[in-house]
Each structure stands twice: as C-alpha cells, then as structure tokens.
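By letter and in written order, the chains are A, B, C, D, E and F; residue numbering begins at 1 in each of them.
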Amino acid sequence: MSNFTHFNEEGRAKMVDISDKKETVRNAIAHSSIQVNQEIHQKIVDHDFKKGDVLGVAQVAGIMAAKQTSSIIPMCHPIPISSVNISFTWKEMSEAAYELHITAEVKTKGSTGVEMEALTAATATALCVYDMCKSVDKGMIIGQTYLLHKSGGKNGDFHRDHL
Amino acid sequence: MSNFTHFNEEGRAKMVDISDKKETVRNAIAHSSIQVNQEIHQKIVDHDFKKGDVLGVAQVAGIMAAKQTSSIIPMCHPIPISSVNISFTWKEMSEAAYELHITAEVKTKGSTGVEMEALTAATATALCVYDMCKSVDKGMIIGQTYLLHKSGGKNGDFHRDHL
Amino acid sequence: MSNFTHFNEEGRAKMVDISDKKETVRNAIAHSSIQVNQEIHQKIVDHDFKKGDVLGVAQVAGIMAAKQTSSIIPMCHPIPISSVNISFTWKEMSEAAYELHITAEVKTKGSTGVEMEALTAATATALCVYDMCKSVDKGMIIGQTYLLHKSGGKNGDFHRDHL
Amino acid sequence: MSNFTHFNEEGRAKMVDISDKKETVRNAIAHSSIQVNQEIHQKIVDHDFKKGDVLGVAQVAGIMAAKQTSSIIPMCHPIPISSVNISFTWKEMSEAAYELHITAEVKTKGSTGVEMEALTAATATALCVYDMCKSVDKGMIIGQTYLLHKSGGKNGDFHRDHL
Amino acid sequence: MSNFTHFNEEGRAKMVDISDKKETVRNAIAHSSIQVNQEIHQKIVDHDFKKGDVLGVAQVAGIMAAKQTSSIIPMCHPIPISSVNISFTWKEMSEAAYELHITAEVKTKGSTGVEMEALTAATATALCVYDMCKSVDKGMIIGQTYLLHKSGGKNGDFHRDHL
Amino acid sequence: MSNFTHFNEEGRAKMVDISDKKETVRNAIAHSSIQVNQEIHQKIVDHDFKKGDVLGVAQVAGIMAAKQTSSIIPMCHPIPISSVNISFTWKEMSEAAYELHITAEVKTKGSTGVEMEALTAATATALCVYDMCKSVDKGMIIGQTYLLHKSGGKNGDFHRDHL
C-alpha cells in the first residue's frame, strides 16, 4: 500500500474553518460599472427595451446573485445575508459614451465577511445590464470591479477611494 | 372595474420568444482579468494558499457558473451548453503588479447565443481568484470584462480586439 | 432472500418517459390573482414600498420561477423554455378591495407541455407581490390559480374561460 | 457628469436590513387547496397514478420548496428553517368535485418571519398535485391561498379563520 | 510580459465539446445499496419513521438528484432528462442485517450519455435512506455503487453483471 | 365532508423540528472510495485527462456538494457550514487495481449534525472522479460509503473503524 498524497497539505482546495469566529454585524460595499453607447443610454432612461426596464431588472438580478454567492464561489461559506442594496449613478464620458456606476452594499450578522457577496452582486448587476441591452450593441464594456469598503470582524476595516 | 395596465407594452420584464430561431452551433469568447500584487502572484504560482490551488479552483468555478447563467441573469434562456473552456495568461505590469488574464469560451448547439454564458464564466473565474487570495490583499481589482468574439446565429458574427 | 417490493408497479414516484415524444412548439397560459386592500393598491400604483417597485420585481420573480419549475415540481421534466411573459390587470372589487390579475404565458420547443411552468410562474408572481406588501397587511389572499389555455403536443388543446 | 438617479430613494428593489432584528423562534401556517374531479380523487386515494403516490410526493415537494423560498422570492432573506410540516384534509364538495386542503407549517429560529416559506410550501404542494394528476384533467383549480397564523417576532401575532 | 501558462494544455479542468455529437436516445442503469439493521428494516417496512415513508421520499430524492447532476458534477453537461425510474429490492443478509438494493434508470434524447445521472440518482437515493433512518443507527453502510448498463451513442454499449 | 387523512400521523414526510436544539460546534467525517484500473490510476497521477486534474476538480465538487446537501436530501435542514475538507489516499490492491480513498470532514456551528453533509461530500467526490475518468473505463466501482466519526450535539459521539 502506498499512501503518498495528502493534498490539503500541498495546497489543494478546502473551505477554511470559521467555526471559532464570532458572529458580528459585517458589511461590504463593492463597485462595478458598465460603459454603454448613446443609444443604449437613451433607451435605458426611456424604458425602451423589449426585455424590460433595464435597471429595475438588474437590481433584482444583483440582489438574487448575492444570495447565490456560495453556490457560485466554491470556497465561500454559506451565510445569512441580512440586507442587499444596489444603487446606480450615470456618468457621461462623452456624447457617445456613458458609464453606469453600480454600488452594491451587503450586510450580514455572521462569522465571516460579505466581500464576495458584494462583489458578486455588483458583477451580476452589470452582467444583467449587458444582457438586456446586447441586442443594440455587443461592444459594451464592464468596467473595473473592486471592493470599496468593508467593516466588521476582527481583521479590521478596509476602505479605498473610487478608482 | 379599471383595466389600466399592460406592463409589457410599457417596457417591463419579459423573456423574449426564441421558439422560431434555428438550432445551430454558436460560440462566444469573453475576456476578464484581475490585477494582483507581487505576493499574491507568487503564492498563486507556488500553490501556496490555504484555500487551495487558485487557478485550478477558479477554472472549475468558471465552468460551473456558465451552467448557472440562466439562474443568475433573469431574462436569459436556459440552453444546453456543449463546451466551456477557461484559460489564463499572466502579464507583469511592474515589479509590484501582475495581471491575470482570463479567457472563457463557451459553445452551444441551440436557439440563442452564449455571450452571457461566456461573460458569466469569465467573471466568476475572476471573482473566485479574488476569494481565494483576499486573505493577503483585499485591494485586488477585477479588470475590464467584455465580449471578444461571437459566431453562429443569423445576426452575424462579432469580433473585437483586446482592449 | 426476499424480493418483495417493486414499488413502481405499486404506484410510487417516477418521472414518466418522454423520449419518444416529438419536439414541437408548445405554449401554456395560466392565471392567478391576489386580493389587496386599498392602501396596498395605492402604494403599488404609487411605487411607494420600501422593498421596491412591486410589479416590476414580481414579473422578474415569475420569469425566474418558470425556469426553476423542474427543481420545484419533482416529476417535472427539465425543458428549454423559449419565452415567458407575465402581465397584470387591476380589478376594483369595492372601495376597500382590489384584485391584481396575473397572466403568465410560457412557450417551449420541446417534448412535453409547459403547463407547470405557466402555473409556477403565475404563482411565484403572486407570492412575490405578497412578500413585497406584507409589511402593510398580512391578510392578502392569493386567488384561484388555473390553466387558461394550452396548445401544441398530440393530446389536443385545452381552453377554459376565466372563472 | 450627471448624477441624476438614486433609485432606492425612488422605490426600486432592495432587500431590507434585518441585521438588528432579534433571533427568536417564529412560526407561520399557510393554507391552500386544489379542487379535483371524482376520478382524480379516486385515483389519489387508490394510489393509482403512474407518476406515483400523489400526496406523498406533494409533501416532499412542499418541504423542499420551503427551503428554496429565498431563491424564488427575490426580496426574501435566506433563513435557517428548523421544521416544515405539510398536512392534508379532503373535503367532498359534491359527487363530482373534491377539495384537497393543504396546510403548511414552517418554523425558524431566526431574525425574520417565515410567512413566505409557509405560503411557498403550500403553493408548491398544490402545484405538485396538479402536475401528478394533469394527465386525467387539466381543469383542476388551485384554491385561495393565504396565511392562517403567524407568531414570533416583535410585530405581534397574526391569526385568521379559514375562508 | 510573461505568458507562461496555458493550463488546458497541461491537464486542467474543461468541459469537453459535444456540439458535434448526435442527439440520440440514450439510457443508463446504475446500482447502489444500503445495509441496515433489523430494527431499521422493520421500521421502513412498517412506515414507522417520524421523518416519513422512507422509500417514498428516497425515490423523490433520487429523481430530483438526477435533474441536479450537472450542478453537482463540475464537468457534466446539462442535458434534458426524459425519464427517471428508481426501484428497490430487499435482500436479507442475516437476521440482523438487511440490504436495500437500489436501481436507477435514466433516459435522455441528447448528445451525451446519462451514466452520471443514473449514478447520482442511485447515490442520492441511498443517502436519503441514510438520512431518514439515522436517528436509529448511524452505522448503516452504503454499498458499492456502479454502472450496470449503458446504451445509445456511438461508443457502444456497456453491460456488467451485479457484483 | 370527510376528514379522513392526517398523513403525518401516519408516517409521511416531514422535516423534524430542531428549533429547541442548541447551537454548538459539530463535526462529522465520512469515508468513500473508488476502485480504478491501472491506466486510470496512472493518468490521474500524471494529470493526463482531457477533462482536467481529476483530484483537484473532485475536491471542489465535494466541497460544493456539501453546501448543496439540503437541496439534495429532502428532509435535511439547511445549516451554515463552517468548514469542509476533502483528502485522498491511494491504496494499491494489485497491479491492475487501485483504490482511491476519500475522507470528507465537515464542521458547523448549528442546531443539528453534519453527517449528511460529510456523506454527500464524500459521495460527490467519488462521483466526480468517475465522471472525469469514465472515457477510459466505465467499470470503476464506488466503494462502501459510511460515517467514520461524529461529535457535538447532545446525542453523544459516534466512531467506527475503517471497514
């Protein structure tokens, strides 16, 4: 008999133990964006897409994706999410290009942070905007996606400015 | 009795009808990336994260996310996916910053395209890398995410160069 | 050895075989409703709920539920859904009571009908309305839910009038 | 740059914050029903459907649906469900029509109520009965569905009589 | 810039391409078993478990698991399942030990085989029996699980005898 | 009116109430195995399968399956999983046959045990190995699967030796 592999000691996949971590209120805010052309911007603002009200549907997509995070991200712990909030701001880059800025804030009262839930929510929101508008232009670009803020838990807070 | 609202005529959500579209082989390629610091780059290359082999797990995450696309993106049709392929390339930006480039290719033999599946796979792959490395640095930035290529279907092909 | 049980011959659960059935375009329309009080009706119309735009979110819920039908209904076959459309009509019953009528139409190009998908979509839409308005009144009543119309497939069409 | 939309302040979708709510034992009881013809009633009682034992499968469907509630109802919080119990009673309306009454009771020890879980369980149970019997008659009608009872939490209890 | 890794050429995860494979009727039969003590056998036969009718629930579990296969097995293609059938046989090993034999047959009309669906269904059925009986004895053993039969597709049939 | 059935008193399905049980740290360890031929063993060790690195993907499958347990096993409570760890050992049976031994350890801080999560994780890991290697040989046999150890909770610990 040969007993030559203990993969976890060699860096393979495991879900790290959080059973000793304290349940506290934790929140995280993530940011994403999507760059669209003038026609798409106009149609979103005018509610003129045959798939529906783009931002309304995208908000629902982001919220539901936050709840699916632990089934999308393999090593993520399933945690009770106590709140999700997606908000939008438009930025006009030029006459031809507009950026929709997406902020996703997630809260939990649990044993681990919700950074992944916030990032997943922001990303799914952007993907949903792409889906609903792609009949007009497949050249939309989802912008940089990053953590803006994180608090709660013993490792200290995180904060960065908008890129 | 008042009968004042036919929302679909006003632009609310619906899943558009594809029952008349032809089943053909279609593929799509999406691109994403994630920018990490020198320490994370080294640990990924050295397989030195306690959550496991980062790129190996991220590939699985991307493939499984492609299959979940229609449960993440509300107006997306459920379609049979016939192949998913995630590949990586590293780009050294400076001594302190590295970019992991992610390419996701998805194929179907179905009645609608797989752009959303490719974009979702690329994004989930990037999110998984973030998750597995965030104990070192929460400042990683997921880069621009976009469709590179699409073929199949009657609307013609799409191709763009890398940004 | 005793070999005393062949449950399927005794009426236990199985998913019946549809591999010989023809792939054709099939559609189904289901109807549900929810009775709400005057305050809720007003708040829905005015978009004045803190959980959001009730009918917009409910439409998304119905569409996504149609896609989840085979994971909710145990003996339902997973089928490709080619379109889902949820529409609403208000009916004023009295000054104090309003009924929101919900129609869900689902289409497939597949080997079995979409009655369950349409009924599940209509029901989930009604449940979502309940959820978003229950902070005002938990006494809302989801009305009778039934199949209005079904066509496609070799067993003939079905049609009934509104109850 | 224009910064003209803060949708959440205008009533779009969000999952409201429950991180300050207390974890207590909460329960909810919902009621639904389905009206079937004499032949279906007889076949259910005689366990004579080729898809299986109708009420046995429907109970499992209801229980599993309770656990899926937060993935069906967009603004619903994911909560730990500590018990689900589905029970049935038959009511003979006439020689030709029977009503199957469905009661779903759900309990949690959590920060928000389980009304939606109970309503979803009752509804899924009724839908499953429809699915298993629809080969005989597609004219079955799912009856009014409503909350019977709710206790736990600081907003007080709710109780109504059967309609 | 360094471009040193093309993981798929090095054996990392991908979902292999089946878009050129022909859609044909395919079926697979898998076998599993679970060994229980005399008390559990008696209680299953007598329908005397507080969690319910063990074999009835286990059949539903197996059928629903077959439909979840592609979300459990990472490289599995999502395919339309056209039938699932779970059957049971008891074998008395001694006065103290009984084996419940589980056969799961799955059919599809698709581009790839359903071996994994049949194996997953058989396994989930056994796991469900364990779950429902574990309050009596946690020492139950799930027996060898294997493919009995496979037909359809161009790679030829597979058949083995019971172990 | 006839009121002749209270199924739960007759042994039908219910999810038993755990709302009075204490939240404590609980863990469970399950064991499974899969017997493969010499060629498959060699290809696994050499990372020579076109679907990818077999054991790396199988570990991810096992971890993600642990999180899906309550959607696979009908009467299982959804619980927060705080850690999952899958490890492998090879045993050479003869020159022609090798056994891959799979150990899955799951932890929670919750109101009920994680035996089912550990058993589900071990099983899914074995099924994934089968899936990735079945192009070489469909005759692989998944070996006996059982609980090795369980602790936490008021019912006492469980321990058995390897079979």
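By definition in this document, a contact is a pair of C-beta atoms (placed from the backbone, for glycine too) under 8 Å apart; a residue touches a chain by one contact, two chains touch by 3 or more.
All values reported here derive from a predicted model rather than from experimental measurement.
Undergrad: For subunit B and subunit F, which third chains touch each of them?
TA: A chain counts here if it touches both subunit B and subunit F, which gives A, E.
Undergrad: Tell me which chain's centre, taken as the mean of its C-alpha atoms, is farthest from subunit C.
TA: Checked the centroid distances; the maximum from subunit C is F.
Undergrad: If you average the Cα atoms of subunit A and of subunit D to get two centres, how far apart are those centres in Å?
TA: Computed from C-alpha means, the inter-chain centre distance equals 30 Å.
Undergrad: Which residue numbers or ranges of subunit A touch two or more of the other chains?
TA: In subunit A, residues 8, 12-16, 52-53, 56-57, 59-61, 64, 68, 71, 74-75, 80 touch at least two other chains, as defined above.
Undergrad: Thinking of each chain as a vertex joined to the chains it touches, would you call that graph a line, ring, star, complete, or other?
TA: The chain contacts form none of line, ring, star or complete graph.
Undergrad: Could you list each pair of chains that touch, in label order?
TA: Listed by label, chains in contact pair as A-B, A-C, A-D, A-F, B-C, B-E, B-F, C-D, C-E, D-E, D-F, E-F.
Undergrad: Any idea which subunit C residues touch subunit B in the complex?
TA: 25, 55-56, 59-60, 63-64, 66-68, 80-92, 107-109
Undergrad: Using the touch rule from the top, collect the residues of subunit A that touch subunit C in their complex.
TA: Spelled out, the residues of subunit A in touch with subunit C are 52-53, 56-57, 59-61, 64.
Undergrad: In the complex of these two chains, what residues of subunit F are touching subunit E?
TA: My answer: residues 8, 10-16, 47-53, 56-57, 60-61, 64-65, 68, 71-76, 115-116, 119-120, 123-124, 126-128, 130-132, 134, 138-147, 150, 158, 160, 163.
Undergrad: Residue numbers of subunit F touching subunit D in their complex, please.
TA: Residues of subunit F touching subunit D: 1-8, 12-19, 70-71, 74-75, 77-80, 110-111.
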